[in-house]
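Order as written gives the chain letters A, B, C and D; numbering starts at 1 within each chain.
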Amino acid sequence: MAYKDIKFAVSLYSYQDNYYFKRLDFEGAIAAAAGSGAEGIEVLGDTMIPEWPYISDEFADRFVGLQYRYGVKGVCFEHWSDRAMWKNKQLTDDEMFERGVMYIKAAKKLGIPMVKLLHEEHIGPKAIAGYKLTDYGIIERLLPVAADLGVTLALEVHTHDGVGADYQQKYIELAERTNLPFLGLAPDFSTFSYCMSTADIVDYTSRGAQKEILEFFRSKQRGAYFANVPFVYEAVSAEIEKMRPNDVTKQAIQFSMHMIGRKPPFDKLFKDLKDLASKLVYVHAKFYDLDENDCPDDMDYPRIFKALKEGGYKGYVASEFEGNRRMNMAGWVDEIEYVRRHQAYMRSLL
Amino acid sequence: MAYKDIKFAVSLYSYQDNYYFKRLDFEGAIAAAAGSGAEGIEVLGDTMIPEWPYISDEFADRFVGLQYRYGVKGVCFEHWSDRAMWKNKQLTDDEMFERGVMYIKAAKKLGIPMVKLLHEEHIGPKAIAGYKLTDYGIIERLLPVAADLGVTLALEVHTHDGVGADYQQKYIELAERTNLPFLGLAPDFSTFSYCMSTADIVDYTSRGAQKEILEFFRSKQRGAYFANVPFVYEAVSAEIEKMRPNDVTKQAIQFSMHMIGRKPPFDKLFKDLKDLASKLVYVHAKFYDLDENDCPDDMDYPRIFKALKEGGYKGYVASEFEGNRRMNMAGWVDEIEYVRRHQAYMRSLL
Amino acid sequence: MYDSHILTEHDCRNMWEHGKKYGYGVDITINYYRGLPLSCVEEIALEVDGEPIDPADMILRISGKEFPYTDILQDDFPTDFYWPFGEYLRVIVLKDGGIPQGRHHVKLTLKTRRSYTPTMVAVCEKDLTFA
Amino acid sequence: MYDSHILTEHDCRNMWEHGKKYGYGVDITINYYRGLPLSCVEEIALEVDGEPIDPADMILRISGKEFPYTDILQDDFPTDFYWPFGEYLRVIVLKDGGIPQGRHHVKLTLKTRRSYTPTMVAVCEKDLTFA
């Protein structure tokens, strides 16, 4: 019997090229998401609200109408942590807090019960020197505001070490300590990427990389993953050197090793996901390209969903298509088709 | 010393692809015309007034402002003779008269002193069976309305036999008989086309015609024109047959013979133009493609301008670029560049 | 004219009301160098995945107004509703449940009438993704 | 992102006032997947026919407002004027007499700042016709 506690959403991020090139507007993107079978939509104010950072009553009312027309609910609103507002000056913590409040109030105005917050550790601790995002102290101040308005703060995690990483646990503790259900982690599936996606191969090939080398590299990554052993570059480096990789090819491999090569064992990542599943508040089903069965071709979706279900996740899983960014320099990417196939595939995993 | 009584305009028709593909809007098209050096613009309500057939006070006011901003005058407004309004019913003469009044009042509202009227004989007498446009009787009724509003009716002539054709003279007589300066003929230079334009060759070639045959055909047409002898197809048919023309090539040649082959002697056409020049109210400088000197490559512009000047034409000569329609299936046609070169070239002929 | 451009990718999608799909829409542009009254549209014929669409199932939406397609073909249709040059005329096909999201082959035949030459016929055929 | 698309053909032309050309304008789109406050534009650098444009001669026009380009680089520039995603930001170059109508080679370097990665740099170079 199908698992009943997971519902599906689409992040309108997935339709960014349709929007940028004026094929679909905000309403059209909602129609696309509804047409994919999703029950929820994730809204990006910075992307698709023309009057942003303001939201008029008219826009808010229209959004209520659009949800009714298309039979979908706004389930998540996107926050960005723009602290480096000026060339030589950044927002203070107080100003950063105010900006967080702005996003929470925007979500509230639209009737969207969740803000996906871009927090300091979303790509790992001290990911890039000099950048300081919305951190623990600010989140501690935002939590009562969110609670007061009934808006949940979802902290997205798309680090290589996932929701189980020690530096993420303080947020769960904060939620538990304050006994507030308005804060939680939100894993992004990119954590579970075990190989270079074909979307990356399309991208790098269009920039001059050698396809056959990247495909060889990818096949070795896949082999390691399905053999449940860590992939080490040294195991293939001699063979790749023989194939005379050019600079772009090397760059592609280097990037993939940076993203994937430093993950903890996948057994740990899946165990963490399962152990924390019941406490997660939102899930981003990231994908770049789909294989012939419509499974994202660099992530083990069956195992991810098994962990979510066994761990008792209750909430939305949102398609977040990012293959557009990887593949659109090589031509038009049919975001609508990708999302449709992705939604149907995920539904088959319940 | 330059001839002073000719001023130049651009028909915004020339920028139709820029408008259709949303590169330039109405204001952008006016800017393009002004930038070409023109002093006047011809406005097509049916093409570029979004609220057409209505014109709001706001639009009219804005048009005054745009003329001031871009330093150009609206000199001519385009009328279309839409009588076949429905599948099985046509407008009555009374209704056709009312439609003429509508265009005259629109021009008046915009402050444009001339309507280029699509009259029954604009492509020749009884050009196509079953079509009946704004005819002599209706024009006779429109003339006092136009006079009352101070709007001149310009009857465009782009027939093979030009403004001197006997069936056009009744309009000049009508103007003279009523002693009203508000009616006159407006030649379109297409009458003077003596060969297939390279624009047609681009067009037909993109549809499968054989370029070398059409270029051969064209060179023979040019040879005849500059030798001042009539071009007869029989003089080249044997050679063309040897080159094995396909159906599209044949169609191209047939069309060219239809357009050009039945003209009166060019000496007569130019004499007529000169003789009537002082009575003409407007001139359409049609062009399809330009040669390396920027002269339209199928018309003898120097001789046309000589006739206009010697005949004492006083008024606007308006660029009407139609190469877009011929060449755009084969790719983007840079209308802005074409008009700019055309305007500069015409100015050199004064 | 503009044959290969009259069928656009703009807002190509299912149409919804009260959470249900009641049809789908495509935006088309005119095959002429000026706008025309809707009464001068001689025919709009659609084929979707090889199946001709019943004219009775077509609604036209333009400049904030809607007309059943068959109305504009009538001899008493007003002459002052224009399809502006370069602007989208939305053709809505009524169909309970809409069209399956994804790629479909669409063929449009557009005939527009002018009073001084034969009716202009443009045909455009392409695969479109319906959202 | 969107590198080859940030320089558009839209409304590329001279700018006029009182019958005189006072400059020319190009419309550009953002190199990111969302809109950004103008204060997060790190740099807009234009080269026209190989000549760099003086930043002091650039005006930005967006959503009915105009800003001298150098103003948006100041640390006290408001953070609530956005360059919406997919929308045209008009860059007006002040130049008495404008630019000669016709084709010109334009190179745009656009740098936008986000707070969690290095500044995004996009470069786009193409021939544009200025009306």
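Points to keep in mind about this one:
Throughout what follows, a residue touches a chain if its C-beta (ideal position, glycine included) is under 8 Å from a C-beta of that chain, and two chains touch if they have at least 3 such contacts.
Quick caveat: nothing in here was measured; it's all calculated off a predicted structure.
Shared contact partners of chain A and chain D, listed by label: none present.
Should one ask which of B-C and A-C has more C-beta pairs in contact, the pair is B-C. Between the Cα centres of chain A and chain B there is a gap of 59 Å. Measuring from the averaged C-alpha position of chain B to that of chain C gives a distance of 31 Å. For this pair, chain C with chain D, the centres built from the Cα atoms lie 37 Å apart. Rounded to whole angstrom, the centroid-to-centroid distance between chain A and chain C, based on C-alpha atoms, equals 38 Å.
Among the residues of chain A, those in touch with two or more other chains are 22. Taken chain by chain, the contacts form a single closed ring in which each chain touches exactly two others.
All chain pairs in contact, by the document's touch criterion: A-C, A-D, B-C, B-D. Residues 13, 16, 19-22, 44, 46-48, 50, 52-54, 80-90, 118, 122-123, 127-128, 131-133, 325, 328-329 of chain B are the ones that touch chain C when the two sit in their complex.
Those residues of chain A whose C-beta lies close enough to touch chain C in the complex are 18, 22-25, 28, 31-32, 34-36, 68-71, 334, 336-337, 340.
The touching residues of chain D, counted against chain B in their complex, run 9-14, 16-21, 98, 101-103, 129-131. Listing the residues of chain C that touch chain B in their complex gives 1-5, 29, 33-37, 39-40, 42, 73-75, 77, 79-80, 82, 84-87, 113-118.
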